[in-house]
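Starting off with a structure, shown below.
By letter and in written order, the chains are A, B and C; residue numbering begins at 1 in each of them.
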Amino acid sequence: MPGATLAEELRTANDRGGRPPAGDPGGRGDGWGGGGRAGTPRRAYYTGLVLGLGTILMFFLALVSAYIVRKGLGGDWRATQLPPVLWLNTGVLAASSVALEAARRSFRQGEAAGFARWWLAGLLLGIGFLAGQLVAWRQLAAQGVYLASNASSSFFYVFTAAHGLHLVGGLCALLYVAARGWSHLLRTDGLAAGMAAAYWHFMDGLWVFLLLLLYFGR
Amino acid sequence: MSTDAHAAHAAPTGFVRKYIFSTDHKVIGLQYYFLALLAAFVGLALSLLMRLRLAWPTMEFPLTGQMLPEQYLALMTMHGTIMVFFVLTTAPQSGFGNYILPIQIGAADMAFPVLNMLSFWFTFAAFVVLLAAFFVQGGAPISGWTGYAPLSAIGESAGPGLGMGQTLWIISIAIFCGASLMGALNFIATTVDLRARGLSLMRMPLTVWAWFITAIVALLAFGVLLAAGILLLLDRVAGTSFFIPGGLVVTEKLLPHEGGSPLLWQHLFWFFGHPEVYIAILPSMGIASHVLATFSRKPIFGYRAMVYAIATIGFLGFCVWGHHMFASGMSPYSAIAFSLLTMSIGVPSAIKTFNWLGTLWGGRIRFTTAMLFALGFVSLFVSGGVSGLFLAQTSVDQPLHDTPFVVGHFHLIMGVASIFGIFAATYYWFPKMFARHMNETIGKLHFWLTFAGVYVVFMPMHFMGLFGQPRRYPDLQALSFGSLLDPAHKFVSIAALVTGAAQLLFLFNLFWSMKKGAQAELNPWQATTLEWTVPSPPPHDNFGGRTPQVYRGPYEYSVPGETEDFVPQHLPASTVQAQGD
Amino acid sequence: MQRKTSCAGSTATAVIFALFVVLLTILTVYYFAIKLWWFPDPINEIGREIDRQFYRTLVITGLVFVLSQLALAWVVVRYRDRGQRAHYSHGVGWMEITWTLATIILFIGLGVYAQFTWAKIHLDPPGPDPVEVEVIGEQFKWSFRYPGPDGKFGRYKPLEQVKRERAAGRRSDPWQLDPADPAGQDDIVLGPGSLMAVPANRQVQIILRSKDVIHSFFVRELRLKQDAVPGMVVPLRFTAEKPGDYELYCTELCGMGHHQMRTVLKVLSQADYEQWLRGQTATE
């Protein structure tokens, strides 16, 4: 409106409640639900998750590059023989990822009991993986291979510990979903479960990568 | 809709929820700001003590007597660490970014308010842990903010402060990494997902772009520092040898470590460290652009180029870390690659400088204190930037590396230009935050004293470097040519004391104006961006439950055919002649 | 209309700001022109090359510095608020392209040029008969080792042997020469705190090592700097032309005695150098 003061403009624009005038598509705006009610859109949680995974990836890539550099440095590289239980652990972790996905399928089909069963299975298998990692550590220790024994073992312990710690974080997320229960899942359309599962799958994939690196890099 | 968001947007009650453990981005922004302010004065005090030692090495301090060389090195290490992390990474990004970014994009808060609160308190915890290093046995570490191994890795036998002090330093940095990563995640998710309708990427204020790109850089860089810090900690406490080679003899003792590489630490550290210094400057560049446009009453000259330039700087910042390592013994071929890449970072930096000048050209310039600091920023950015061109060249860097030439360079860029961005932002957004103006007279006096002072302090350092003075020497008495620089050091130290004292003006102005400053109207600068449409200070959810709508670019000043010399972003297109983005 | 600040103040502020920036520019150029504190004269060809590249850089950056600061001063005065309407513009495309291209050419050109000297320092193979000197850094002194008449450096004691000997209670050090290596019999070891001598006009290859933490070798007049990194053996070559005494000092933070870790590099005529060498006791 020509001649309107700033205050009037402000009032009019705000009164329109944030809906665009005809013919002006502007930039973003989907997912808000119109109306101007502020909050964190669902989409942002997945953005946050991707970003978090990105940063975790950078952390591990730094360790990987240190590993590659150190390995290339000198003839004193004494390969760490990987305890065979690690392969079993990998299978357990993969199974836990499958279980979580089965749980999510149950959720989409509205089966509360199915969800609870599969989610619990995933959780237990996750704990099983971590227990298995500890077994691997003990096996190495029994052979006298510790964190500071040599460069190769140092990296082994650092990789497994760092991954394990991140997985513990993932376990906390799984526990959170379990604790909040079915009604929360329904209310949020499975947001937390989806995010926890995605994080978990990423850790699963990361573990496979690390294991292969350690295996081929012996 | 998430529970998290609901909880965050019910206005909090009670002192603790409102001011201590608040999830309101505005409170958190101020918490960061005041933490940075405290850190800045601590860091400033440390630097003044350093300058006293350099100018008067035999000076007797009350209570402590003469300053020992190791004490100087501890002051230096803590000065660098505090300033880089707790001032330059905190105030312009976490401080102003937190407060202003959500409002500038039309959001009610950050995407993850609880995470935001955590990231502040982690930062605070990191600061406390760092300061604790002063009070443990052996004192603060002496290995510099860069903490090169093996000096930082082999413990007390290599020097005082390298025991518990160094360990606390590492832990502090690790906590800070966690805090930064959380903050960066929040900034990016917020910018990507919470923008108001009509606010396309190319309509975002350049401050938002700066905070956004900075957050991406931080997200990718801090994880690497965390990894490096963990490996260093393991070398120190667990007997590993990531960075410690074999055969080291320190105070007659043969160290048990074997096979590690000191250069690996440098690579990991600088892979983080170089992006870190861009984290320190990028927000201030955004602030400078924003303030210059406002007070020139002109759109930013070459908005798109500015966006591409800042994104390019952010990206290239990851490709140049080796220029800190030309003398390190790394491959000369790598050095050549790093050198050329570093020279090329000068290009987007130059583009930004020319565009700032272009923004002023043809403008209608108003000299508020905020504008003076923004203008000062441009001058300082040029001064600090051009010395970088010397250091970027492998051969020219040879005599200049590890001299005060480097110190002058990075202080002008980080320690001054970036700080000027913080000052400009403070004077600029103070009226929005506190509904009052800072005193313009004191502000201008603060500006003139500081602008003159910083040049007098840091320009001579370039000459000290040319002369051959090395860095990190508590005094030059052992060098045959050292005493020739005595007058320079006394001159610089006196200037530093005066300039440091002038900052008290700022401190006084800041706190006094919160209570006694002149009342400010809603939009005292007649600016175009969304933060000026909300009350001062903004209510808990910023826009009173409504979402603004954006119709145009962020710097539509002096649009022909308009009665007012500014067209706010949120005004509907039907009332103004649309001029495009 | 709008504005908060009075127009009246703006001319004074603009002019003061501009004068300040102009004064800064003039003083900076002046002090660089008179070389307020400057490099000492170089004593080698590489040093002269580095200086030439330094001056090229100084001219180009000086130009950028001066033009930018003066432009800032000018716009601030010319476009101060005098009630005029600002010129609405989002930028001028051809200007952007022009100065971007100019900057690319200038900066990358400078950068490429600098690499030639660097390549000479680090990528050229050693000459036919360099004088080799091992330079060893430790907290907080420099040591040196010359290979002696056989021209070969002896081996240091292997680490395993040192560990064995220490376990047996004997004094043993990885910086002791291995008695089993005959090449080390005539090595001239100049212990911590010694000075270093080299002949003029002959290529010298120093071999940098460190016993504990990172140190760095620097001589102003040579313009050359190289870190001595523990666990690494790093060569650096130079040919000094002018006899004299030159300060050799550590330029990488190595601890609380970093500022005292200095000695002298003596450049001597060939005859004086040989005499000096004869005067050093060949040890171990």
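To be clear about the criterion, contacts are C-beta pairs under 8 Å (C-beta built on N, C-alpha and C of every residue); 3 or more make two chains touch, one makes a residue touch a chain.
Keep in mind the model is a prediction, meaning the values are calculated, not measured.
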| item | value |
| --- | --- |
| Topology of the chain contact graph, where touching chains are joined (line, ring, star, complete, other) | line |
| Chain pair, most C-beta pairs within the contact cut-off | B-C |
| Chain of greatest Cα-centre distance to chain A | C |
| Whole-Å gap between the CA centroids of chain A and chain C | 46 |
| Rounded Å distance, chain A centre to chain B centre (Cα mean) | 30 |
| Geometric centre distance via CA averages, chain C-chain B, whole Å | 28 |
| Residue list for chain B, restricted to those that touch at least two other chains | 258, 260-261, 564 |
| Multi-chain contact sites of chain C, meaning residues that touch two or more partners | none |
| Residues of chain B that touch chain A when the two form their complex | 1-6, 9, 107-109, 111-112, 115, 181, 184-186, 188-190, 192-201, 203, 219-224, 226-228, 230-231, 234, 238-242, 258-261, 264, 267-268, 271, 523, 533, 541-551, 564, 568, 570-575 |
| Partner chain B, residues of chain A touching it in the complex | 1-2, 4, 6, 9-10, 12-14, 16-21, 24, 26-29, 31-32, 35-45, 47-48, 51-52, 54-63, 65-66, 69-70, 73-74, 76, 147-148, 150-151, 154, 158, 162, 188, 191 |
| Interface residues, chain C side, partner chain B - complex | 1-5, 9-10, 13-14, 16-17, 20-21, 24, 28, 31, 36-40, 49-50, 53-54, 57-58, 60-62, 64-65, 68-69, 71-72, 75-76, 79-82, 84-92, 95-96, 99-100, 103-104, 107-108, 110-112, 114-119, 121-123, 138-139, 159, 162-163, 166, 173-175, 208, 211-214, 216, 218, 220, 223-227, 229-232, 234, 247, 249-260, 262 |
| Footprint of chain C on chain B - complex, ascending | 68-70, 73, 142-144, 148, 150-151, 154, 158-160, 245-250, 254, 258, 260-263, 296-303, 305, 327-329, 332-333, 335-336, 339-340, 342-344, 346-347, 350-351, 353-355, 357-358, 360-368, 372, 375, 378-379, 382-383, 386-387, 389-390, 392-396, 398-399, 401-403, 440, 444, 448, 451-452, 455, 459-460, 463-464, 466-468, 470-476, 478-481, 484-485, 488, 524-526, 557-560, 564-565, 579-580 |
